[in-house]
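Pasting in a structure now, in structure tokens, and then I'll have a few things to ask.
Note that the chains take the letters A, B, C and D in the order they are written out, and that residue 1 is the start of every chain.
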Amino acid sequence: MISGKINQFASQISAEVISNKKVGPYHHMVFAVGDMAIHSKPGNFVAISVGGEQSSQILRRAFAIYRALDKGPMGGSIELVVAPSGQGSKWLCQRSIGEAVDFVGPLGTAFGIPTVNANAMLIGGGYGSAPLFALAELLKNKGCRVDMVLGASTANKIYAPLEGKRSVSSLTLTTDDGSTGIHGQISEAIPRLIREYGTEVIYSCGPMGMLAAVDKIAQEFNLVHQCAVEESMACGIGVCMTCVIPIKHEDGIKMVRSCIEGPVMDGSQIIWDRKAVMDGL
Amino acid sequence: MISGKINQFASQISAEVISNKKVGPYHHMVFAVGDMAIHSKPGNFVAISVGGEQSSQILRRAFAIYRALDKGPMGGSIELVVAPSGQGSKWLCQRSIGEAVDFVGPLGTAFGIPTVNANAMLIGGGYGSAPLFALAELLKNKGCRVDMVLGASTANKIYAPLEGKRSVSSLTLTTDDGSTGIHGQISEAIPRLIREYGTEVIYSCGPMGMLAAVDKIAQEFNLVHQCAVEESMACGIGVCMTCVIPIKHEDGIKMVRSCIEGPVMDGSQIIWDRKAVMDGL
Amino acid sequence: MSALDFSTKIGSKRFSNPIFTASGCASSGQELSQFFPLTEIGAIVTKSIMVKARTGRATPRMAETPSGMLNSIGLQGPGIDTFLEKDIPWLVEQQAKVIVSIAGESVDEYGVLARRLRSVPGISALEVNISCPNVENRGQVFACNPDTATAVIEAVRRNIGGELPIVAKLSPDVTDIVEIAGAVINAGADGLALINTLLGMVIDTNTMKPKLAGKTGGLSGPAIRPVAVRIIYQVHQAFPNTPIVGMGGVASGRDALELILAGASAVSVGTATFGNPKAAFDIKNQLEMLLLEKGFTDFRDAIGFAHRGI
Amino acid sequence: MSALDFSTKIGSKRFSNPIFTASGCASSGQELSQFFPLTEIGAIVTKSIMVKARTGRATPRMAETPSGMLNSIGLQGPGIDTFLEKDIPWLVEQQAKVIVSIAGESVDEYGVLARRLRSVPGISALEVNISCPNVENRGQVFACNPDTATAVIEAVRRNIGGELPIVAKLSPDVTDIVEIAGAVINAGADGLALINTLLGMVIDTNTMKPKLAGKTGGLSGPAIRPVAVRIIYQVHQAFPNTPIVGMGGVASGRDALELILAGASAVSVGTATFGNPKAAFDIKNQLEMLLLEKGFTDFRDAIGFAHRGI
């Protein structure tokens, strides 16, 4: 899914926080990014410095682009959905309007769009739903049917804002604790939905365990599966080789960089079984 | 000058910034400190954490207490005069009203007050004037004559607020570049002033080079000289032995902790000549 | 929340909990007692004491570094006589547990110190700081060579008698830490203290000279924690029955747990005390909470847990 | 502001300025060229290349640490054939200066790599990464023993011919760095690269297991800068005529200057690039400003300046 020069539209900028709202356990944040918004596509991510000038945290954090608007009242803007988990994301969530944050982006691959109309299912776990709404809009404008399935451990961890739902033909929720939607793991609900909606292509984003489960189903149904993976990244721009994902290769395993050949990758190419990877190395 | 238990009134608190004003190149900052103000005496210092939660700067910074009020509208308060020099002090100067900063204090020795009336000269270099104003007030209330001499490289580096001048009988300024007051180094002006004012005791605070020059004069005139020294401190509470000052001792040199037996020390006891120290070790 | 047996053992001695101060970062305890009761932590490890009083190095003696600091104190201290006369009785009076750290310039000096300490009441263990320059051998650090390390521990063992556990404190600046650890264990060390500071230097780009008067200094603080964890892990793997007092950049209960999972039976808090006078006390409380959260009922089950298969 | 001669020399080769990338932190340059023109910096030091293609280690391969990070890549790479076919021509086309880093699992492999590279046009120097495990000797790292270090450099020297300067990259995890440095200089190294990463480990206190799939990893970033400065200072003191490519935690022009004052003739920027893709470019500009501010007209006057008496 790489074409042309690596990260050819990427740049480093100082992005001003123009909105920061708590939505359930997440923060929906909007940043003024100027031209960076122009080339940002669903699936791309930005890499952000955290902790301020004297920070002991020397690495950037990656965040999927939730939405990019190239012309808003403040010029181009990029929106993120941030889960305050560790110190870096907490710091980001604490930024106030007017503060500047250092961005590198847009980075990585984008979701591929079918050339002919197709019934698409978009599957998101937790904040993994973030990049799917812009994707849904794109697919809908192409004339695709878009069925969205969002899951999380519990109701308030599902990120599904009203305006995001505009573009979907159906929205199914699942929670591990049954607090909303279908009770159970997201993958349990999917086979039935694929049959019901006549799904032809699957897009997914969420924890690696969920992606693996979704891929298993996609392969059973023989569907194209594009998933946005999440592996620890040190650089985000392809120079450190920390973010690799094992894919199938004639000589066994090949490790490819998820920041360059991902985060959106072909699910069928990924070796999901960790034991197989460990044995193969 | 130590008596009783070491740092017996010291505690660690979270102090809220209640004012932060730029005064020339310095920041005059006021912190709500509750009871910490009660036992703070002129000469004592506080040690402050800098850089926030994920800071790579792991050591506290020491600041002389400019003024401590045990009962103000916000309860007890401590005022500091901070020069934004390196990263830590710059961070401190950037704090906004309402933010909390971690304080340990009051620490170290205080200026000794003569038991009988005496003509005192208070000599301050740069932000070294900070602790001298509260001292002036104390001395004046005791009935002492207080002559203050403040010097700096240039006019706006002299910290001499209006309200501070209330307690002094005379105020002389010196600048290295002649931009205000007497042209020249502070030490050049002092011998004449000592004679003029009949000085009996000298208090000083400022860069080590200035203190050494002042001590030379004090010894020539055979005057008591209490100076507040400044040596790099890692802990500020007496456990690390980094902040030592060489003093005269029967067996040669003794290194004493300037955070415990200082910062206010007897100038005549200090070995000011660095070469003599290096040779003696 | 169920109860936790928080006690730990070094050799024959038991400590009520595994959080100690680190040598040279708590003096002899007195200054810290203003901030928390010394009986709340497992032990006070005193600043390394030598036979004679020492003036130490010139200043500057410290430089802050990213997430760490350098120090070059030069083992300033009052000498063993004054120490025994003033510091120990005060600590005993507080009912604090005491581990005395000793340092020498020659193998003999370590022997002399051990002899002076062998029958002093109120001491729970001896930490032998062998990361000192050996003046008899071109200033090479004892801990950097298995033979000199062995010689020091043997001298201490001979002079100390059977009562007090000996903890050998090693330097991380060696090619093969397991070799040195093995040597001192063979020589009679009951435990190991890992790690001392890493040798470092800062150059002041304003003066364009080394910042410390002593030029080089010891690097400590969170910056070195990954090195401490690695060394503790390696040594615990090689000698699972030798208790380790771990240290190096511990600033929270989480950090202490990291060293414990790697193999430490106790954890000393050093540089963190400079940023937070109550650090040892806070870390002890945080560690206790963490262990309980994770369902441990006996602290000792956590020691070296990261080595066990999943 | 007067002009500065910013060029530097490693062996027989001249570089327009002393700021290089660090091996393994810039891949083969292509990715960084999006952020600044590669010709702006002194040289691109490529990721260590091996004879055969390597898959490297499992993930996670990295862990952030206070002011630093651990990595455990396991020398993933395409192998020398693909590298010569794809990466070198691209770099040559960009007119970038190139230093090729090589790594082997045996002395022979280093020889093979040197032979493959000896007549490749467009290469300015060879960096020999000897901080790799020697599979023929229980996985002991070549750089940890003067004999194996010597053997590698001799093999490279024999195979490379007289043209290309050889820079030996050493590990800081040794008892006596000056001894190893002396050995590789005797074996024919024209310069030294100091320092590679320190061996470290992080344990995830949630899973209670080592965080990296490879358990241990290499510690880099500002945390280790004081160790780098100390080692560069020691080695420059012992061998003032051997050029040193310094590295370890350089994130600003000030940091680069610190290593230069300690004795580095050039400075590689590694981990800082992960936080700032333009790091090498920015550092070069900051260093130039700093040198001019301090009144230097020739960069080479700054090399080792901290050693000179006041």
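Just so we're on the same page, a residue touches a chain if its C-beta (ideal position, glycine included) is under 8 Å from a C-beta of that chain, and two chains touch if they have at least 3 such contacts.
Model, not experiment: these values are computed from the prediction.
Asks: Please identify the chain with the largest separation between its CA centroid and the CA centroid of chain D.
Replies: B
Asks: For the chain pairs A-C and A-D, which is connected through the larger number of C-beta pairs in contact?
Replies: Counting C-beta pairs in contact, A-D comes out ahead.
Asks: Need the CA-centroid distance for the pair chain B / chain C, whole Å please.
Replies: Centre-to-centre distance between chain B and chain C: 35 Å.
Asks: Measuring centre to centre with CA averages, how many angstrom lie between chain A and chain C?
Replies: About 47 Å separates the centre of chain A from that of chain C.
Asks: Based only on mean CA positions, could you tell me how far chain A sits from chain B in angstrom?
Replies: 55
Asks: Residues of chain C touching 2+ other chains?
Replies: Chain C, residues with two or more chain partners: 66-68, 221-222.
Asks: Which chain B residues sit where two or more other chains touch them?
Replies: Expected reply: 56-57.
Asks: Are the chains arranged, by touching, as a line, ring, star, complete graph, or other?
Replies: It is complete, because no pair of chains fails to touch.
Asks: State the interface residues of chain D toward chain B in the complex, per the touch definition above.
Replies: Residue list for chain D touching chain B: 66-67, 222.
Asks: In the complex, go through chain A and note every residue touching chain B.
Replies: 50-57, 87-88, 91
Asks: Quick check: in the complex, which residue numbers of chain D touch chain A?
Replies: 24-27, 30-32, 34-35, 47, 55-64, 66-69, 71, 73, 76, 213, 221-222, 251, 271-278
Asks: Inside the complex, what are the residues of chain B that reach chain D?
Replies: Touching chain D: residues 56 of chain B.
Asks: Would you pull the chain B residues touching chain C in the complex into a rising list?
Replies: Against chain C, chain B makes touches at 5-8, 10-12, 49, 56-60, 104, 231-246, 252-255, 260, 274, 277-278, 280-281.
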